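Below are structures written as structure tokens.
Both complexes below contain subunit A, partnered by subunit B and then by subunit C.
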Partner chain A sequence: MMTMVWWQNLPLFMIVGALVCAAVCSVLKAKAARAVMAALSFLECCGMGVLLYFTLTKNESFVFAMGEIGAPFGNELRVGAAEALVGLLFAVIMFLSLLGGWKQFSLDIAPNRATLYGSVFCLLTAAMCAMTFTNDLFTAYVFIEISTIAACALILSRNWGRTMFAATRYMIMNLLGSGLFLLGLSMLYCLTGHLLFPQLGAGVKELLAANRYPMPLYLSFLLMTLGVAIKSALYPFHTWLPSAYSTSTATSSAILSSVVSKMYIFLLVKIFFRAAGTDVFARRIEDVLFLYAMVGVIAGSVYAIVQRRMMRMIAYSSVAQIGYIFLGIALGTEAGFAAALFHILAHSAAKSMLFLAGNKLRSAADGQDTFPALRGTAKKEPLAALAFLVGALSLVGVPVLGGFASKVFLAKAAVELGGWRMVVVLADLLVSTALNVGYLLRCALTLYRPAEDTEARPAPKTRDAAFAFAMIVLILMNLGLGVFGAPVLDWIQRGIAMFV
Partner chain B sequence: MLGRVFTHLDGLTAVALFGIGFALLLLDKNLMKKIIGFSMMDSGIYLFLASYGYIEGRLAPIYAEGISDPAAYVNPLPAGLVLTGIVVGVSVTAVMLGLTVRLYERYHSLDIDEIAEKIRREGK
Partner chain C sequence: MMKKQKNDRFASFLDWLENGGNALDEEMQDALREEEPEAPGKQKREKKKKSSDKTADIAKKPRKAYADSWWYRLLAFAVAAALIWLLMEAVDRMPRFGAADTLMDSELTEFYVEHTKEETGAMNIVTGIILNYRGFDTLGETHVLFIAVCTVLLMLSIYGEQDEKKRLAQGALERYFEPHHDVILQSAARLLTPLILIFGLYIIANGHLSPGGGFSGGAVLGAGLILYQNAFEYRKIEKFFTYKTFKWVSVCSLLFYSLAKGYHFFTGANHLDSHISIGTPGNILSGGLLLPLNFVVGCVVACTMYALFTMFRKGEF
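Up next, the complex of A and B:
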């Protein structure tokens, strides 16, 4: 057993700390609970940053075996550069989403529920850390369910009938997804006798080499993939997404769209890489994914175009963007996975900003988010409108912003692969970029057009320092991902190299 | 063929249970039936894990006096997984039931289409 260095204990402390905070929050007063939420998510950011720094400088991953019990009974956490980078992004987005919705928080949520909101926020943080770090399939399942419950509670934070219904539909679809995941996991466990990724991967390889149970193996991976696809709203399974994202509060919808759906995808990447192995066998599942993603990229954009409300439009654009991520995964090459992970970063940074800014603009338009009502809101909320514009440009794929870099990486990965997949990916990118311009820029320009009623209502100058801070950091993040795309991609590739 | 069906009877039952529950959860319009479907789906998986985790003739994984050979016991992990799964299932069911109660209080219906219709009419 190698000796542990202090920072190697961080992952466990981050998970347990978040769980303790969740318990503590439920008995605190509203104000204290909010302070705990902010402090926790800030500390998580620091922790992730430290882990990223050390995994990159040492250039190796490490395993934290709980109680130092090895396979097959032990439970392990594993951190490499990819885990730390994605985790850092999630933690930062959660922190900024919290700040961005700080002021609206007390308006949207009754004081007696604020403490419970704090609890589920901390619970979700724990689930996010655990799912990013875990080296064990069943632990992943348990935290999938925890995050489902927490996300459902986040949607529910507004006491509207519509929100409740959205949360119910969210739960139903997500339960189907996690049921499939659990069945696939159980089958895989029966076949290989292992739940830890390294042993699982070795077991799968052994079985395939001996040509034993190829069909059940394929089926179990397919079930897990399908489960994750439902939970992260890949195209034909997206039905729960629009109402869930568009009816909840600013903080909730930003977290749901940028962190919750993405952590499932990251889990899937880990499963593909570390358990299934990226060979011919995984190829067949990737073909299925490729088909869905290909259609999803276009269909999501088309749905977004026909929406008459801004928040629903932003929500539908997530369907298209998740299509991109799966497109990268479905390429099945290392470059494809790296492009997919990079798009997770770029999309999270842009989409959380869009949701936060959109909520601000909606409240500037007296709670209306139809396009005519939004005209002229840029004057009242210049920073929110600017953030919205930057987010829209990033998703469209304008150079120097994150979205552009990820489109370039995806196209490069496709060209490297060649064949009909390259043609499809490039055509998809072209068509969807055109569609994105159609709806995102139209919406952004609406904000800057003068309002129809010229006798402008006296705009009450609202000062919201937390929101301003969150927006500025997010805008910088989008710029940073665009300008420093290549080094970040290099970190991701080093992280992927550590997977094996 | 028939022989193979019988050797895998519990596995097939489990998958059938899962399928029935899955269909109920996905297709039924009644919220209570959906929750029942979820329970069936989960029970199917527990049956699957428990039946394949048991080996005929071995002892429960609790130390018995004088038998120190691990091969005499069954693997405790599948049972542990089932227990964890049950706990997860119970909490999810509780959340779903809570949601259903709240929706029923507000819309006086368990039919998911009817609730959607009422919400649409309620407007915003």
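Up next, the complex of A and C:
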């Protein structure tokens, strides 16, 4: 019987703490609710950091049974280096998004809504932790539900007709995704009789070895993959994405683009690794994914190029970047998964910064985000423009930034694999990098071009310390991921080794 | 100039491909166009005007909606049919229900049937499973209800605190067409509501002994409240159930649930003595945490049902 060390209780405290905060937030005043949000997300960062430190130094994962009876009869959490690392990133991004959108938040959201927003934010934090740590497929589904509704609330928190429209569209597409996931999950449960990942994986292996029920087994994984693909906006299912990301308040946009959609992908990685096994069987699903991802990388960039508004352009670039992540997963090798996880980190760091900075620039341009209106905003908001530039360069893949490292890792993984996949991935990387330069740098340069009206309006001096802090940390994160790419990748690989 | 127009047309084509060009989208696009800033400089403004005239022409022409075209419908039908066929085929190939030698018939079911009674103190195995073995899932599930209410509140609270008058006026307008003083409904409600509420409490209290529990009992309680609210006007139910009551009841229930369950998880995982005795299975006061947890789940479910109904009917709480 294993006894728990103090830090091994942290996952439980983080989840229950977030749930308690959610309940408390709904009866507080707006200001207190915001303080609770900030404190909670900061504590989550600390907790994740401690978990990462200990899992890496001890070099092993641990299981936390929810209740006195553990596997396979009760619920379980499981934490390894990969979970802690991805969780740390999510927690940090949530904290920084909150700080970066702090000022915008009080402008966009009425006080009577701020308390509800606080509850929803805390519940999303709980869902993020639980989905990252869970060792159980059904628990994952429960928290998928919570995060879906929470994301809707984040979108429509800003009282604006267009956010309502975006939230409706988001709801319809994402409920379809959840439904498909649930279908696949219940079929899998029927076949294997288990919901916990280790037992599920063993069951799948047994069935495959005996060649029993191959078709339902294949279909159940396909349905789950499809559900996750819809929820994380893989190319043909991305229609909910642009309006959802571009209309809501800054904090919501950053969280939605860098945390919510990535949680599902991390869950899919866990399913592939721990339930499906990375053998011939999963291959067949990965082929389908590969096709979509391949097209998505290019199509997302093409959509982004033709946009006339900055926020929609950033939103569409997410479609392309999600394509990269799925491309890594679809390679099916360990190196491919590691590259995909690294791209989750790099893209989250860059995209949340782009959204936060973009929102700041939009308000500097009097709420306009068409490209002509944005000219000269760099003078009014130098830090935001710098952050935007760094984020754009990172996504394009300029050396010493996170995006470059992740592209290199993806190319390396493809070269290792060889064959036609290598050719496709390399060609994809080449074409989409060219397209990225086209739209991201064009936009970044627009910011630095002088405004057309020479009668320069006196720039209102706004000091926003929280925003400045968030931007500086995010810029450092992007640099750090680029410079220390190799050690981070090593952590991810060690985490993946702990999966099995 | 030519090139720019071409690019615009391409963009609108892509938009159309993606959005299906339905009416709402066009409205949205029009709104977007209106918002575009007037560029300074006379020449620029003229250009702008030209292009906006052009877009206005395009908008005037009734465009056949993407979703109405026959090929789109055919495609949608084909995709749905293919998915249905695939799922039917899969169901046909799944192990038969109750068949022997499947993995479904595993150690799990046997374990639950044999151990639930002495380990959790529940005569009703389902309650034992959902509140004890898989208590974490149920904790999440209860919060799904809470977040649903929060989101609907967020969606409907379109008037800020300063527009109190507007909000009240809206509420009064919504209630204007409702039937008042329906004698049949009122006498029936007077008779039935107490019975329904007592029955709901009975289901909750016996959750660990007989079929039922927090979720089903809470639904019955909520239905009773809704009946009462339908028969009498809001003023009557607001004597004992207002937004404040709702808020405090749900918050206290959720807090108790999270903390109690957190304590249970903590002691369980660390193999500590939780000091919660199971009692004699079969007694009403037994099962340790099961009875209070059933009560708080019941409160949350009843509040949620009532709140959702009220909010969608009244537009506010």
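Keep this in mind: the second predicted complex is superposed on the first by the 498 of 500 C-alpha atoms of A that agree within 3 Å, B and C clash if a C-alpha of one lies under 4 Å from a C-alpha of the other, contacts with A are read in each partner's own complex, and residues count from 1 in each chain.
Here is the rule we use: a residue touches a chain if its C-beta (ideal position, glycine included) is under 8 Å from a C-beta of that chain, and two chains touch if they have at least 3 such contacts.
Predicted model only: the values in this text are computed from it and were never measured.
Participant: Report for A:N75: first if it touches subunit B alone, second if subunit C alone, otherwise both or neither.
Facilitator: Only subunit C is touched by A:N75; subunit B is not.
Participant: Using the superposition on chain A described above, determine whether A:N9 touches subunit B (first), subunit C (second), both, or neither.
Facilitator: A:N9: touches subunit C, not subunit B.
Participant: Of the partners subunit B and subunit C, which touch A:E145 in the superposed model: first, second, both, neither?
Facilitator: A:E145 contacts both subunit B and subunit C.
Participant: Have a look at where A:L116 lands relative to subunit B and subunit C in the superposition and call it first, second, both or neither.
Facilitator: In the superposition, A:L116 contacts subunit C only.
Participant: Applying the document's definition of touch, where does A:S106 land relative to subunit B and subunit C: first, second, both, or neither?
Facilitator: Neither partner.
Participant: Quick check for you: in the superposed arrangement, does A:I172 touch first (subunit B), second (subunit C), both or neither?
Facilitator: A:I172: touches subunit B, not subunit C.
Participant: Quick one: subunit B or subunit C, who's touching more of subunit A?
Facilitator: C
Participant: Can A:A130 be said to touch subunit B (first), subunit C (second), both, or neither?
Facilitator: second
Participant: With the two complexes superposed on chain A, say which partner A:L182 touches: subunit B (first), subunit C (second), both, or neither.
Facilitator: After superposing on A, A:L182 lies in contact with subunit B but is clear of subunit C.
Participant: Both subunit B and subunit C touch subunit A; at which residues?
Facilitator: Residues 72-73, 138, 142, 145, 149, 152-153, 156, 162, 164-165, 167, 183, 187, 189-190, which sit in both footprints.
Participant: Give every residue of subunit A touching subunit C within the complex, in rising order.
Facilitator: Going through subunit A, the ones touching subunit C are 1, 3-4, 9, 12-13, 16, 19-20, 22-24, 26-27, 64-69, 72-75, 110-113, 116-117, 119-120, 123, 126, 130, 136, 138-139, 142-143, 145-146, 149-150, 152-153, 156-157, 159, 162, 164-165, 167, 183, 187, 189-194, 203, 206-207, 213, 215-216, 219-220, 239, 302-303, 306-309, 368, 370, 372-373, 452-453.
Participant: Show me the residue ranges of subunit A that touch subunit B in the complex, using the header's touch definition.
Facilitator: My answer: residues 72-73, 138, 141-142, 145, 148-149, 152-153, 156, 161-162, 164-165, 167-168, 171-172, 175-176, 179-180, 182-183, 186-187, 189-190, 195.
Participant: Going by the contact rule set out above, which residues of subunit C touch subunit A in the complex?
Facilitator: 7-8, 10-11, 14, 18-19, 24, 28, 31-32, 35-37, 39-41, 86-87, 89-91, 93-95, 102-109, 111-112, 119, 132-137, 139-141, 143-144, 146-148, 150-151, 153-155, 157-158, 160-161, 247-248, 250-251, 254-255, 258-259, 261-262, 264-271, 274
Participant: Could you please specify the touching residues of subunit B with respect to subunit A in the complex?
Facilitator: Residues in contact with subunit A: 18, 21-22, 25-26, 31, 34, 38, 41-42, 44-45, 48-49, 52, 77-78, 81, 84-85, 88, 91-92, 95-96, 99-100, 102-103, 106-107, 112, 115-116, 118-119, 122, 124.
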